[in-house]
Structure formats: C-alpha cells, structure tokens
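Chain lettering (A, B and C) follows the sequence in which the chains are written, and residue indices restart at 1 in each chain.
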Amino acid sequence: MFEQCVRNVYEKTPLIHCITNYVTVNDVANTLLACGGSPIMADDEEDAVEITSICHGLVINIGTLNQRTIPAMFSTGKRANELSHPVILDPVGAGASKLRTDVTFKLLEEVKFSVIRGNISEIKTVSQGTGTTKGVDADAGDAVTENNLDETITWAKQLSQKTGAVIVITGAIDIVTDANKAYVIRNGHSMMAKVSGTGCMLTAIIAAYCAANPDHHLEAAAAAVSLFGLAGELAYDKLVKNDAGPSSYRTYLIDAISKIDAATLKGGMKIETR
Amino acid sequence: MFEQCVRNVYEKTPLIHCITNYVTVNDVANTLLACGGSPIMADDEEDAVEITSICHGLVINIGTLNQRTIPAMFSTGKRANELSHPVILDPVGAGASKLRTDVTFKLLEEVKFSVIRGNISEIKTVSQGTGTTKGVDADAGDAVTENNLDETITWAKQLSQKTGAVIVITGAIDIVTDANKAYVIRNGHSMMAKVSGTGCMLTAIIAAYCAANPDHHLEAAAAAVSLFGLAGELAYDKLVKNDAGPSSYRTYLIDAISKIDAATLKGGMKIETR
Amino acid sequence: MFEQCVRNVYEKTPLIHCITNYVTVNDVANTLLACGGSPIMADDEEDAVEITSICHGLVINIGTLNQRTIPAMFSTGKRANELSHPVILDPVGAGASKLRTDVTFKLLEEVKFSVIRGNISEIKTVSQGTGTTKGVDADAGDAVTENNLDETITWAKQLSQKTGAVIVITGAIDIVTDANKAYVIRNGHSMMAKVSGTGCMLTAIIAAYCAANPDHHLEAAAAAVSLFGLAGELAYDKLVKNDAGPSSYRTYLIDAISKIDAATLKGGMKIETR
C-alpha cells in the first residue's frame, strides 16, 4: 500500500494549491517538486478560488495569516470541498494567539479537511480548544513520549472521529491516525527542528500524497510522514559526512526527498500500527 | 555583441526594481546579484512609484498578484515608462485564472513593455487571448518542438510587432524574437524544471541585461537566456559529480551564473538566427 | 562579557518576533535558529500585537513595508515597549523613498528602540533627516573608511544619545556604539555583499543577543556583529576550498553561524574600543 502511494504520486504529478505563509513558501514549492508533485501559490480571494479548480489538492497553512488572506482560505477551502479535492490544514501557531485559534476553529466549522497536521501543541489546541503553544514550535511539556503515547493516540482518534480528518501529530514520535487505526512512525532526526518550515514542507507532501491516493488518505499521509522522516535521516548522514550545518541540511533534506522511491521507502520505514 | 552585453552588466551594476511573487523572490534577488546586477523590491503603490525612479529597470511578475499589489504594478509600470526604463513582464499563470489573464491584458494596454517572458502556454495566452495554461508550468500539449518551431516563431514575431516588446518563450527550446529577427537558443537542462522559480530568475536577469544594454534589447535578452541556460548546464555537471538533488542544483545554478563572463558565454552559446 | 553573551543565547533560546520583509524572511528565520534563537513571524496587526507578548524580542524591518503592515509595526513596537522587550529597527532603504524615510522617523518618535542597525547611508538618513541612499545598499560615497572613522563615531554617539538606542553601522568596517563607548569591528568579508539579506540576518541575530542579554545591549550587539562577520570569514574559507559561488556562500554562512561558540568567537573577534 505505502509503496503504491509513492508510485501514484510520481505517476500523477498532483498539482497542489498552497495558501501558505511567506516565511517558508519557497521551501514548500521546492519540496512539492522534489516529492513528485507540482506547486501553485495564489492567495488573492478572487484568484485563489479559480486557481484551486485546476489543482488536485489544497493546503491551508495559517503561518502568516492576515485580514486579506483569511477570507481566501475560507472561500477556497469551500470551493475545494465542492470539487472533492483533499484539503489539508496546517494550523501554525494555533493556541499562540486568539486570531490563530479563532481562525482555526472557524475553518474547522466551515471547511471539511482530509488531514490536519501540526505539532502536539497545535493539535492539542485543535482538540481541546485551549493550547499551551508557545510560538510555532511545540511546548516541551506537551511532547509525545513512550509514556503518554497510548493516551495521545486515544484522544487523537477521538479528534479524527469528531472532525472527519486524518490527524497527523509530528515530533520526535509521529502519529498518523483516523478514528480507528493509528500509525506510529519513528523516522526522522532531531536536526530537522533546526530548519525553519519542516512542518510546512511535510504538510505539502501530505497534500500531494492524498491528492494522488484519493481513496487512502490515512495510508497516504503515513507514507508521506515516513518518507519525510527518512529523508531527514539520509540528510543527516550527509551532514555528518560533510561536517556541515543546518543550512546545508535543508538542502540535503530536499535533495533526499527527490531520491526516495517506493523501494527506498519500504526499506526505511519505521512504522507500527496501534 | 553578446559578449559586450555581459560586460555592460558587470560595468553598470543595474539596479532592478522587482514587483514579484513572494514564492521565488529571494532567488530572484540573489540571481540579480549573481549576474552582476542589484535588486530592490517594493510593492506598496506609494513606495514603488518612487523607488522605481532610482532604479534602472523594472520587473512586473504576476505570480502572486493581489488587490493591493495590482494597482502598484500599473502605477509603477507607467512611471518606469515615463523614465524610459526597460519594463519586463512575466505573466505567471496567465490563462490559468481570469484575474491573471485580465491583469495581463490590461497591463499590455497601459504599460509599454520592453520584453515579455513566459512559458509557451503563457505566451500563447498573451497572443491569442485564450490559453491552455494548467498552472504555472506550460501545458505539455503546447511544447515548442522542432516540428512547430517555425510556426511558433511566425506568431511570436507577430506578437512582437503588435506589442512592441521582445518576446521570450522559454522551454526545452527557447525563442527570443522581435518583429523581424528571432534567436533560437538550445542551452539549458531539463533539471531546471525541478527548481521552483527558474522562469522568475531568468526574467530578472533579462531586466538587468536590458537595463545595461538600452539600445539592444533583443540581443540583451538573447544573451540573458543563453547565459541562464548555460548556467543550468554547468550546474548539472556539478549535480552529477556530487550525486546531488534539486535543492543543491538550485544552489549550483546561482553559483554558475556568477561565474559566467563574456568569454564563457561566447564559448557556450547554442544559438541560431531565424 | 562577549563570551557570556553567546552562552546566554544558547541557554535561553530567545524567541524573536520579526515583522520583516518577504524577500529575506526565510534566511532570517534560519539564521535565528542557527545562532541559538527561535523565530516567529506575524505581521497582521491583531495577530502581531498578541504574538509579541509570548516572545522575548522584536525586529521591525521596513524592507517591504506596506499600508497593511505599517500600522502593525507601530502597535507591536509599542506593545513590546510596554513589555520591556528589546526592539530592533532595521530601516531598510530609509532615504530611498519618502515613505521609508517618513515611517522610519515616525517609528523613532513612537517606539523606543534598543538598537538601530543599518548601512551607513541608512543611518545617515536616520541621523540627518536626509540621505543619499541609492537603494538597499549603501552609497559608495558614504562608505566608512579609516579616514572618516573617528568623525563617523562622533555623530553615531550623538545619534545614540538622541535616540537612546545602540547604533550599529555595518559595512567593511562595523561600528557599534552607545552615547559613550564605541566598538569598531573588522570581522567580515566582502563576499557577504553578494548575498541578499545579510543585513536583515544580522539584525535578527542582534535581537536574539539583546533578548538574551537584557542588561548589556551594547556588548550583546557587538558580539552579534562580530560573530556574524566571523561566520562570513569562515564561510569564505569554505567557498575557496570548494570553488563555489554566492549561493553556496549563503549556505556556508548560516552553517558557520551555528558552529561558533563562545570560545570560537573570542578567538576570532577583531574588535577595538574608541
């Protein structure tokens, strides 16, 4: 299944419309190209609603939301729903400000999401209505550990039940779950936290994977999460070899994404079901 | 002539004002520095009209156009016209949405462009009023091939006649033409399509070349197109040598641009006249 | 003192809120991570005022200011002042347009800045009300040289006295001064001028250093300036070794920032007091 997910992306070259933040947008675009998809960005409301109709999936990332782009997120999300395109939410910084939290909840009311991906603090905010988000990174006190893993999966499954979306919580341990079945993924490397926007990049990859695998969003999201983590591992090997730093690592990461095919993913996945 | 174009850029360090999209803007800035020019970005209408007056050329790239920046494109374009600065249009995604197509046509009515650069689908939209643009990449069915090359050049010359602009169509085969004379350029590498924003970067280089070579826009644009393609070839050699991927390739591409002088360009150009 | 400044940044991981331009924002984010801080960007007025309250310092960079973000700069600056967070001003292009100059002066009236960092043309504009800024780079005629160094320090000290801010003038020779004491720093490399946004990156590092060293803004700023210059020197060594160009150099620069600890800085500082 996971291997087929990879092959489908390369075969279909899904075109992903991103309404995303201007901090990491270039990395998001290049990551989509690297994973076998294709990016298009449009955030003017009039433009975005029309652009999304020629695409295969939509990312809504609230990282630098503003009064001009917020209405575009709603209109475009609804249009993508009408077209049955997968819509992926990245609630960057939900819990860190009232505007971000409010927009996240309003989006959840008015747009149907296929996947919601965030760090644990952001997803806790989505789940509980209040968060301990301290910025765009997860609060250390929230971290998913072996000790709280089962408990976290339990409420994440409930959140999936409630929202109808696959829930993806990323961190040292990644969780990808729907209402019934959770994948726990242990790919990745701590160095990824030293690159701005790794969460945004992964969200875009998930969108490409869901667009190319419309009947298997859970497995598509799990494949994307594992692939991205594996790319982080391969990039770390190169970092060590070259005695390089975080900016080189970003480059190696995107390079590595482009080199992972179905067989490489199968060989490198660290995944279990719960 | 082409060699003199290169030397003039390095001698004059043209300052290029870019109203461009936020996806690839950083690569555009660094590409301008790499080719011997200098960038400045300003898209607030009040600011942009004044900033353009201290520059030597203007890029209008509609990649992430919005209601705030569209008026700035018109006012600044007209101001640059008054100052006789070369103005270069990059109609990103023209044909993919009504807003992009409409703004492109209105710009063509109200601003005089020295060069219009796009992929074949975008330029077909500019030429025919209707396009088959499927996003920000050219539609495969539109591709310029050896079979339709002469026919494409014929209508591109007519488009140049009609608009008064040098027309640049980029793809596997590049065409740079005015109403009378066309250059066909076969530099470049398919890997360039795996980097977001290569079109935007090239448009900015063309602006620097036209600004530094005010009496020879056709040759200046041809030199810029060939130089960029040659940089893509040199970067590919480095990619192979280092077993690298698309993100490294982007870095090698900008590095290579900075290393091409007049003699290197002369030695590497693959250009013919039609 | 300087070594302690470095250690404090790594110990406290200051979260820096940046209202900054969209050209170099990604490099700013990754530079903050590389130096031991953490970035968050928010420029919607409602969002920004709240986000700044969870941060430890604020950067206001006017590089692509617009009618939407200008009010956010004022409200957020005032809020950061109430919270006693250090606020750092980067008056990009002040003197190049009336809007940039006017906003700079109005910010100086309404917000208290801990540090103002710019190139010599920008800081001359701040000091004299009129500038010779020719874009976002310093005018060659303004350059700080050994001949005008003492004179420049004299008026920079006066500007610090008048504004209450540490004044940082960067170029071939860097000056970091308050009303009484000036540091002259000769770290750095001319290659840094071939990378877009080195000024913006440095401003963000200064913010992280001031946030982590609240009682020693002068020394914190001097440590940041010297560290960034030293990173530029180390990156240049790598450029030569790899026969690379400006895009690789940008990567090496951010890599190098991440590798400079207190001892490396102490060993590499080229600093004197005047």
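By our rule, a residue touches a chain if its C-beta (ideal position, glycine included) is under 8 Å from a C-beta of that chain, and two chains touch if they have at least 3 such contacts.
In this text, all values refer to a predicted model and were calculated from it rather than measured experimentally.
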item: Chain A onto chain B, rotation angle from CA fit, given as a multiple of 5 degrees; value: 120
item: Copies chain C and chain B - interface residue numbers shared by over half, same or different; value: different
item: Inter-centroid spacing, chain C versus chain B (mean Cα positions, whole Å); value: 33
item: Contacts with two or more other chains, residues of chain B listed in rising order; value: 22, 26, 68, 250-251
item: Residues on chain C engaged by chain B in the complex (per definition of touch); value: 21-24, 26-27, 63-68, 93, 96-100, 134-137, 194-197, 244-248, 250-251
item: Interface residues, chain A side, partner chain B - complex; value: 15, 22, 25-26, 29-30, 33-34, 38-44, 46-47, 50-51, 54-55, 68, 250-259
